[in-house]
Amino acid sequence: MATHTFTPTRYWNTLGSHPVALRVAPGDTVRTTCVDARGRDAQDLQITSPGNPMTGPFYLEGAQPGDTLVVRLDRLLPNRRRGWSGVLLAPNVVEPRDVGQLAQAGGYFIWNWEVDAEVGTAKLNHPESPLHGIELALDPMLGCLGVAAEGGQAISTATSGPHGGNMDYRGFREGATAYFPVFTEGALFFLGDGHALQGDGEICGTGIEVSMEVQFTLDLIKGQKIEWPRGENSEYIFTLGNARPLDQCVQHASSEMLRWLTGSYGLDLTQASLLMGQTVRYDLGNVFDPAYTMVCKMPKKLLETLR
Amino acid sequence: MATHTFTPTRYWNTLGSHPVALRVAPGDTVRTTCVDARGRDAQDLQITSPGNPMTGPFYLEGAQPGDTLVVRLDRLLPNRRRGWSGVLLAPNVVEPRDVGQLAQAGGYFIWNWEVDAEVGTAKLNHPESPLHGIELALDPMLGCLGVAAEGGQAISTATSGPHGGNMDYRGFREGATAYFPVFTEGALFFLGDGHALQGDGEICGTGIEVSMEVQFTLDLIKGQKIEWPRGENSEYIFTLGNARPLDQCVQHASSEMLRWLTGSYGLDLTQASLLMGQTVRYDLGNVFDPAYTMVCKMPKKLLETLR
Amino acid sequence: MATHTFTPTRYWNTLGSHPVALRVAPGDTVRTTCVDARGRDAQDLQITSPGNPMTGPFYLEGAQPGDTLVVRLDRLLPNRRRGWSGVLLAPNVVEPRDVGQLAQAGGYFIWNWEVDAEVGTAKLNHPESPLHGIELALDPMLGCLGVAAEGGQAISTATSGPHGGNMDYRGFREGATAYFPVFTEGALFFLGDGHALQGDGEICGTGIEVSMEVQFTLDLIKGQKIEWPRGENSEYIFTLGNARPLDQCVQHASSEMLRWLTGSYGLDLTQASLLMGQTVRYDLGNVFDPAYTMVCKMPKKLLETLR
Amino acid sequence: MATHTFTPTRYWNTLGSHPVALRVAPGDTVRTTCVDARGRDAQDLQITSPGNPMTGPFYLEGAQPGDTLVVRLDRLLPNRRRGWSGVLLAPNVVEPRDVGQLAQAGGYFIWNWEVDAEVGTAKLNHPESPLHGIELALDPMLGCLGVAAEGGQAISTATSGPHGGNMDYRGFREGATAYFPVFTEGALFFLGDGHALQGDGEICGTGIEVSMEVQFTLDLIKGQKIEWPRGENSEYIFTLGNARPLDQCVQHASSEMLRWLTGSYGLDLTQASLLMGQTVRYDLGNVFDPAYTMVCKMPKKLLETLR
């Protein structure tokens, strides 16, 4: 149960079989940092190329294809004061006929936010805006986390899949646990793309993007094969489907939940369906990236009554 | 501000220009009842044909095309003890390869629930199930409500559109307010398809279906043209997009929210986008009906700081 | 086998149970006319309101719900010289980021074409365009045809469904036969929205729109229940799926073809699948209307070897 | 203009920056072979792991990111007699409620075909089938071809993207020319997944799969940046969009065609739109793989009148 402090020296824009950054044992904790989505660090210096550069990969001893990697997000803390966000709604999230006026308003550009991790707020820092100074409550999360992709692939950190990646789901906040299928020896865990906060869907193309201090603990479930990322917090267990269109995300997330309930909660297909039908909740992860994300959640309180 | 008690004598399976059931004035309240989705009433007698039979239409004096109909859901109360729900997940909400095992498990069938409106629970009443007796908390809602459709259409209560209809959104519960575009003189408001409770997405094809006592109050916003249904509760204003795929629901709901924020909250396109990007929430209405439903929500607390 | 000449005096913008225009017997032929999509007639006079106004409904003696209506398109002839078309690609058929430049180029507007039915050409008649005078070969078709919709609905002629409607499929040209499910006594057949020619997908929102002389013959297949429109020409039998997204159109069209092959060609599910897999062709009807259209085609020559 | 004969010794299941198989100069021709989709060669021996193993990569001298790779398919010839195909329709191409009966019929399995490249037929070789002996005309094509993916990715040959890949488009037959964006020095061209013939959409998950002799000629267009694969045959120029849902494939293919017409044919956005609107054709590549494929085609005869 060692605690490692790891200072990254290089970053990755794909999730694949890259040279190992650090080897850890199940139960070990890692303290490290992530640059922001454009490759800027705690000093706001661009130290690597943009496009969700990842810290990692972390090699988990004993992890083999067919296992499940467990990632507890112990601590997520913005480590600089300048955050930034896209301003206008992305062209794919509005009615097609609305795209013209968004293009006319400037298309894609960014504004700055003042992130105060102690007070717990992000304040718009754009004096030309009538909203200058407006304050939102921080809710730090990781936009992109996952493992080396299946079949020897190296997948861009712009998108996501069964291996995780750029899911941009608000639920990957401090205190949450993420589960990923292991496709490669050592699993090769990557993380980055910190958001000080984000709306559902990442509909302006970004959260409030910021570099971060991160502490996480890795663990291993031997011989448990999962097909899509899963997660857990104090209230819910959840599953993530990453695809297009959103309908297909729903299908993956729902089928993965069905597998979870029948595999681990002693429910047959019929009882699991019945319960899901009346108690399931869905969250929208993102509707911006090349693959969208929907999340299927089941209340733990209910499931505990079943054991 | 009269209060009308209306006892329906016939029901409708389309939302169109049917003979008026009751004429009311803006501000008037109506107490009435709805049969369940299969046309069964408080005595569990089948009194009309199945397929979301609607109570109504209610004609609102003064409502003209281009106005907005306001519907406050004052009271929603299941008025009988037998509820029922679909059991198995619908074939379109799971991975295509999973449909085979669902078909083998029986495809579509229903089980009963004991609905206790006083205690506030629905209890599974299916002795053959290992879950027999499991209790869920009531959260009564209307699955289908809306107005006569645009352009002289009569649209099935199986589906939804700009006129509302079968949106199966949990947010249409007691205390919520719904807004609909008026397409016909008098608006012609319909309601029905009561659910004692429902999971997100209505993924088994039903909530816990039950007949209901309903009290609602109609009002009118003259000259305010909206394009998709809107709503409001104590925490959020929200907009609904009804279409397929879900991506398109997101587009309609997001564009409608953009119109609301720029039309009524003094925000230009840029500020409205910025705020939506970091604070919006999406709910999944249904992913089962011929048209799916996604809901875009903005926190009222935040918006109040803008006025 | 009477031949009726019918001069319409009113038109319909929904496909529903409207007052019968003409009653005909199975085998009867009808000669009539259709106004263009904006309600302009052979003299280019606006005689009814725009939005695909339909000629009809034609009541077929003996047609009952559960039967199949047969429509042979004997003759389709543009009956005036001015055609018109949308110019710019619709915002939903290009990459979202491209919509801005289309909006800047003017969004939606129309140009005229000179339609010469004798020579068989449409010539661009817009002197300001560098393409002024360019000639395309006529290929007249009906954009919108179908029957009163199911369940007592009245569905806008802007869209389509199991009842047919605005499918905008080039294959509904002279010589083709269309089949529709009958949902109402008499079937109630409607037709209109003539195109002098059209590209696949109707991606500018129109074909070359023109009024038409039409001759068609109605027939009846008693007791044959079909679920989606079907058709036939000298080379192919085909089925049409009308929905969104296109993936779902493919599903409806493919399932309907599977039903056709297993129902009428003596193939079991396995043999029908095998044959479809290696020989099927798909056409894109439209990707512009509220419901899109995909067409599944099987070569008749191959199928004849099976009988 | 050398002609190289290349005998592959290893194969790849991703399109990425793998060790170069052969370096060639612009204008050079390569004669080589491809194993079938399961890794079986001309002797029907499994010599590599299944999943569309690729021959290559071929390094084109002088190719740099931002250029266009040109691939002329000079010759495609099945080089063994046993072909095989999936039998049942894939679960995602039929109505969800139909999936149950397909699962019951066996789900996924394959049958053999006798491929006679001299006579030009494939004959079903499955004595248990009532269709045993049925003959289809050969139309050999490559299901999977393309270049190393952008951004240092390695993408599975199960799917496709801007780099090409598993598009399963019948149009990539002998005589056709394919164009790919170059993302890596040398372009790194891969090819494989030969089909003796295939229906539109690859709706049973396969064509008639067979190993092949292939001859192709590579060329280079310096400084021409394209965004999606393009192609050309004697009748049409065409563009391919690879994504989900099919609607998005249409968007990519249409936008790419718009870029081609405005970039190379002297048309502005308006004239290109107008022409596309009335003359474009779409083909369905596949509706089975993780990314679907739609093809946008414009008639060369028409375009020649513009030069």
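A few remarks follow.
We just call them A, B, C and D in the order they show up, numbering each chain from 1.
FYI, a residue touches a chain if its C-beta (ideal position, glycine included) is under 8 Å from a C-beta of that chain, and two chains touch if they have at least 3 such contacts.
Here the structure is a predicted model, which means the values were calculated and not measured.
More C-beta pairs in contact connect the chains of A-B than those of the other pair, out of A-C and A-B.
Spacing of chain A relative to chain B, judged by their CA centroids, is 32 angstrom.
Chain C has its Cα centroid 46 Å from the Cα centroid of chain A.
Counting partners per residue, chain D has 92, 96, 101-102, 244-245 as the residues that reach two or more other chains. Taken as a contact graph, with one node per protein chain and an edge wherever two chains touch, the assembly is complete, since every chain touches every other chain. Contact residues of chain B toward chain C in the complex are 13-14, 16, 51, 150-156, 158, 243-245, 248. Residues 85-89, 92-96, 98, 101-102, 105-106, 111, 122, 124, 129-131, 134, 136, 197-208, 244-247, 250-252, 254-255, 258, 269-271, 273-284, 287, 292, 294, 302, 305 of chain B are the ones touching chain A in the complex. Residues of chain A that touch chain C in their complex: 90-92, 96-97, 99-104, 107, 245.
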